[in-house]
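Starting off with a structure, shown below.
Note that the chains are named A, B, C and D in the order they appear, and that numbering of residues resets to 1 at the start of each chain.
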C-alpha cells in the first residue's frame, strides 16, 4: 500500500506510510465496530430463536435491524458513574486497555493474500500475546471498581485465562509446526486449493486439536459456558458491575471483537483462511501468480472474494459461539479448571506429539489429494528445513529422526518465509505480498 | 524530531536501557513493598535486554552482534519469569510468616 | 566632551561622599538627624549621576560591540595621577587613577546600589530618629538599654564607606588600593558594630576586623614582593616626564609582568629575576674582577632571558618565578580575607549583626565583592599556579557555603552563606580562566543579592525577627516584597528559558559553568572535573536554598499568627528601591539588541592584555583554556548546549526538591534532618569551623598565656622549697606516664579500638535489602569514577 | 511536503516508545500503590516491546509481550491478593532514602549515559541512511539458533550458497535451551511447593531453604 502511494501517487514516503497506516487502522476499526454491532444484534436474535422467542422486532424494520445502533445511542447517553471507592485512574483506564488490546491483535491478521496491516513473521505469536493482554483490562477493572463482586470476577478471569493460555498455545503451535512458519499469510496460502488442503484435514490429530482449540478459545474470550468472570447469577455482573455507559460498551466491543478474532485465527489455522473449499480463482488464474509484485485488477478481485470468503467462515465460527452460549449451562470454577488442566492440556499435548509424529513419518494425509500444483502445499510442510540445503542437511544430521528419510525429495525442501533469504521467488508470500498490502 | 533524532543510533537505545536500569535500581532501593522490589528487578532486566537487542540489531549497525543479541534476551526473559515465580513464592511465604510484605521487616540477619 | 573629563568626574564622584561624611561629622550633632540622611543620600545620588555621565562619555568614545568576545574591543585604560604624595628614589607614591571600563562599571554599580540602599535606609532606620530602647541588651539592673538614636551616624558611616569603596575601584596603584582597602575594612567594622551595645554585634565586628587582618598580612607580603621586584606601585604605564615615550621607569605593573614585547605573555619581571639570581651574578662578578659596570650590565642583559626561562631549553631553574607566585598568592590572601573565602569565610555570617542595609551594601554587593574585583584587577599578575590556588579556594568555598546555607534558618544568614557561595563562584571562574565570567557574575550578583537582602530587610522590618521558622504566608501581607524577592531568587538561581532569555544570573552563571566545563575538558582528572561538578552541584543547591527561603518566608501558612497579624507591607520609600533593583537584577546582563552596548561587551573592553589566550603552566600540569573557546561557534554543540541544559536541569532539580519539601510536602524536611542527623548537625554548626578555629588558635593562646603566668609565679616563689614537690610530682608523673598511660593505656586502648572497629563494621550490616542495593549502586559508581579518573 | 520529506517515522516511533517506556518506569518508581505500579510496569514493558520491534527483534518483542507481561499479570494478581489492603497500599520509604537513592541513581544514570555516548562506534549511525520500519525476518533464525543451528553464521561460498558443515564455534544455543527449560520446570515446581499455604512456620522456612539451596 505504501509503495502504491509512493510509486503511483508519488507522495513523499513518510506521508505515504502515515496514510497507509491510517487506512489500515480505519479498515480494522470499522470491521471491529461493525462486527460488534452485528453480533450484538445477532446474539439477541439467536438467543430469541433458541428460546423460542422473536428477539428484537420493532426497532428499524421487521428484524429490528437498528436494535444495536439504538442500544449504542442509549449507552452513549447514559450517565458515566465512578464509584467513590474506585481507584479512579485505573477505573477509567481499564476499558481502554481491554479494548485496545483486542483491537491491536487485528493488526497482524491477514484478511486476504497480503491484505494485512502488519505483515510480521510472528503473527500467530503476536495475536496470542496481545489477546492475552485483554484480560489485563478486566483484572484492572475488577480491582479498580472497589467492589467485591468485581474483584471476584476479575480473580476468576485471571485464573481462567492464565491457565487456558497453556492449552491454547499448544493448539496453535500445531499448525505452526506443520507449516513451519508463524506468518499467517504463509500458513493460509499453504492451504490453497481444495478444502482437502485445509490443515484440519491434515491428520486425525489436527482434526482433534481443532476442537480443543475451539474450547480453549471459548474459555479465553470467556464466553459461556466459561463466562464466570461476569456470572450474572452469582456476581452481579462480575468485573463490569460498576461500569456504565461508554466504558461498559467498550468492554462489550472488546468481548465481541475478540470472539471474532479467535474465530478468524481458527479459520486461518485450520480452515484455509481465504482459500475456499473450491479453488475458483486459481482455475481462473486470477489469483496473484507466484512472484507477481505489481498490482493487478484480477488479483485484487481474487483477494476481495477471498476476503469475503474468509469473513464468512469467521462469522460462522462466531455464530457457533453464540449457539453454544445459549445451549450449555455455565460451569463452576473448579469444573473450568479441571477442564483445562486435566483434559485440554494433556489432550493438546498428545495431539501435538501425534501431529509431529505423523508429519515426520510422512504418512498419507487428505492434503495429498488434489494438490493445487505439483509442488503444492503438500510439499511445503517440511518444518525441519530452515534454509539452504546445507543448513537443512546439518539439522537433519543433528535431529534424532535423521535416519528416517523424509518422504519428499530434497528438491521440495524449500520453505517459504524462513529467516534467511526471505521467501523463494516461486512462492507467493513474503515480499510481494508485503508490497501489495503491508504497511511496510 | 528531525533535529533531535536525525539518526537513531545504538546510543539512543543504550540511553533508554540506562534509564530503565536506573529506574529499576531505584525501585529496588526505595520500595518497601516486596512486590515493588520485584517490579524493580523486572525493570532492571528489561533495561539490560534493551541493550542486548540494540547491540544485536542489524538495522542499527552493520557490524552488529547478530543473533546472540536476540537469543540472550530470550533467555533473560524466560529466566526472569522463573525468577519472578520463585520470588513471588518467597514473598508469599514471607507474608505467611510475617503477615506483611514490608521488606524492612525482613531483617533477622541484621548485624 | 572628551575622555580627559573622566578622571575629573570620577574624582568628584569619589569625593562627594567624603564631603558629606565630614559635614555630618562636623555639624550633624546640631542638625535634625534626618538631614544627615538626606545629605548622604543626595551626595551618593550625585556621585551616581557623575558615574553615569562618565559611562556615557566612555561609551561615546569606545563603542561596544555586541555581546561576545572581540579582542579588538579592548580599550586602553586612562592612567594618571591626581597628586604626587612623594617620591623616594624609585618608590613613587601618588594618588593615581586607573580608569577602564571595569572601573566605570564598578563605579556605576556601587553608586547605583548605594543610592537605592540609602533611600531604603531612610525608611528602614527611622526608629533610630528617636531614642531607642534596645530589648536585646539588658543592663545589670535587668532593664533594657535606652540610648539616643544614631540615624545620622549611620549615614555618616555609609558615606565614608561609599567614599572608600569608590576610591578602591578608582585607585591607580597598589598603595592606594591598600589604603582604601583598609578604609572599607574599618567602615565595615563600624557598621557591623553599629549596635555596639550588643555583645554579639561587637564580637562580630572584632571577628571581622581580625580575620581581615590575617588576609591583609598576606596582601602586605604580596605588595612587598611586587614592589621589591618592580620598584613601582602603579598599575598602568604613565608618561611621567611627558616626553611622549614610555621608559623603563615609567612602566606599570601590568606591562612589566606582561610586556608587549613578549605578546603580553606572563613574564617574570627583571627585578624579581635578578633579586633571585644575585648569587650567580656575584659569582660572575668574582670570576671577572676586571669587569666594568658596563660589562656586568651587558652580561646581565645577555643572561636575563636564560635565567628567567630556565636556560635555553627551559629545563633549568626559573629564577624569580616563585617570587611572582608568592606575590600573587599574597595579593590573593587579601582577597580571601575581604571576600570571605575559605578558610577565612567565618566572619561574613556574623557580620549580619549589622543593620540590614549594611548587609546589603557592604557585605553582599560591594565590599566583599572588592576581593573579587581585586583578583580581576591583578589578573595579569597571577601566575598559573596562583590561578589554581584561586580556583581551588573558590571551589571549596562555593561548596562549603552552599551546604551550610541548606540548613540555616536565619534568613539573613542564609543570604550571607549564599553570598559566600556566590563569591566562591566568582573566584572559581577567575581561577579557571574565566575573567569575563567572574566579573560579569560580580556585577549581576551585586544587583540581585542586594535586592535579596533589602527584601529580607523589609520582611524583618515587618516581623521584627530573622527566624524563618516564625515566617510563612507573608506573600498575602507584603506582595511587593514577595514579588521582588521572587525575582531575586530566580535571578540568583539562574532560571531561564534556555537559549531564549533569562534573568541576569542565568547569563553570568552559565558563562562560569561553560568556562569550568571547557577547563574540565582541557584538564581531565579529579581537579578539572571536580571544579565543574562542584559548580554544577552548587547551582542545584543554590536553587534549593533560595527557594527554601522564599517558600518558608512567603508561601504556605503563617507559623506565628501573632507576628503575622502585625506584618505589613513596607512604606513606599522602602519598596521603590526594591522595584528598581529588581529591574536591574532581571535585566542587567541581557545581551542588548540592535548592537546596543551590552554589559558583557563593556567588560570585555577591560580584559587585561594577554589573558585572552590559552595559558599553560610550566610547573603544574594544567591548561587554562582561553575564555573565547567556550563561546566559539565551533564549540556550540560540544560546550554551550550541554552545559546550558545541565545548569537548567540542576536549577530545576533544586527547585523541585524545594517544592516537594516545603510546598507539596512529599518530602518532609523534618524526616530528612532526622535521618541525616549527624550531617544535619554538621551543617548546622557550619562544619564546626568556629569551634575548630577556637580549638586551633584561641585556646592555645589562652594556654600559652596561662603558662607564662604560671612560670612567672613559680619563679617569683623560689625554686628551693618547691624542688621537693617537683621531685614528688616527677615520681608521680613517671608512674602515671610509664605505668598507667603507656602500659595499661596501650592495652586498654587496643581493646577499645578493636571493639569500636567491630561495632562500626557491624553497623554496615543493616539487614535492609534496599540499603544493600544502594551500596551496590554506590560501589558501581565508585568503580566508574576510579576507572575514569585514575 | 518538505515537512513530510523531513519526517523520520523511525525516529518518531523510537522517541514515542522510549518516552513511554521511561515515563511509565518513572511512574512505577514514584507510585506507592502496588496495583498502579504493576499497571505502569506493564505499560512500560509493552513500550519496550515496541522498541524491540523497532530494533528488528520481533520475536523478542512478542516474547516480551507474552511472557513478561503475562508474568506481570501474575504479579498483579498476587499484589491484589496480598497487599491491596489499606496498610500495604501506603508502604512509603522515608524521605531521606528517597534523596540518597535519587542522588546515587542520578549519578549512575549520568555515568551510564555518558558512556553510552562515549563510544564512537555506537554513536555513529549505520550507513544505510534513515532506518527502515521494515520487519526483520528473524523468527525462524531464532528458532534455528535455539535448536542448535546458527543460520546467521553459515559459512558460505562465493556464490552465497552455504557450505555443508558449520564451524563448531557457532554451535548455537541447544544446550542452554535445554538447561533453561529444565530449570524452568524445577523452578515452577519449587515455587508451587514453596507458595502453598503453610500451617507451621518451621516447615515454611525449611522448604524455603531446600528450594533456594
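Keep in mind that, in the parts below, a residue touches a chain if its C-beta (ideal position, glycine included) is under 8 Å from a C-beta of that chain, and two chains touch if they have at least 3 such contacts.
Keep in mind that this is a model prediction, so the values were computed, not measured.
Trainee: Looking at every pair of chains, which two share the most C-beta contact pairs?
Mentor: So the pair of chains linked by the most contacts is B-D.
Trainee: Could you tell me which chain's Cα centre is nearest to the average position of every protein Cα atom shown?
Mentor: B
Trainee: In whole angstrom, how far does the Cα centroid of chain C sit from the Cα centroid of chain D?
Mentor: 53
Trainee: What whole-number Å value describes the gap between the mean CA coordinates of chain A and chain C?
Mentor: Each chain reduced to its C-alpha mean, chain A and chain C end up 75 Å apart.
Trainee: Can you give the whole-Å distance between the Cα centres of chain A and chain D?
Mentor: Whole-Å distance between the two chain centres: 26.
Trainee: Any idea how many Å lie between the Cα centroids of chain A and chain B?
Mentor: 32
Trainee: Residues of chain C that touch two or more other chains: which are they?
Mentor: 770, 774, 777
Trainee: Pull out every residue in chain B that's touching 2 or more other chains.
Mentor: 25, 29-32 - these are the residues of chain B that touch more than one other chain.
Trainee: With chains as vertices joined when they touch, what's the shape: line, ring, star, complete or other?
Mentor: Drawn as a graph, the chains match no named shape, so other.
Trainee: Would you tell me which residues of chain B are touching chain D in their complex?
Mentor: Against chain D, the touching part of chain B is residues 1-2, 4-27, 29-33, 35-36, 38-39, 42-43, 46, 49-50, 53-54, 56-63, 66-67, 69-71, 73-75, 77-86, 88-93, 95-97, 100-102.
Trainee: Once bound in the complex, which stretches of chain C touch chain B?
Mentor: 762-771, 773-774, 776-777
Trainee: Looking at the complex, which residues from chain D come into contact with chain B?
Mentor: For chain D paired with chain B, touching residues are 6-8, 10-12, 14-15, 18, 21-22, 25-26, 28-29, 34, 37-38, 41, 44-45, 48, 51-52, 55-57, 59-60, 63-64, 67-68, 70-72, 74-75, 78-79, 82-83, 87-88, 91-93, 97-98, 101-102, 104-106, 108-109, 112-113, 116-117, 119, 121-128, 130-132, 136, 138, 141-142, 145-146, 150-153, 173, 176, 180, 183-184, 187-188, 190-192, 194-195, 197-198, 201, 204-205, 207-208, 211.
Trainee: Give the list of chain D residues in touch with chain A in this complex.
Mentor: 1, 4-5, 7-9, 33, 35-36, 39, 42, 46, 58-59, 62-63, 65-66, 69-70, 73-74, 76-77, 80-81, 84, 132-135, 137-144, 147-149, 151, 154, 161-166, 174
Trainee: Help me check something: in the complex, which residues belonging to chain C touch chain D?
Mentor: My answer: residues 657, 661, 666-668, 671-672, 674-676, 770, 774, 777-778, 780-781, 784-785.
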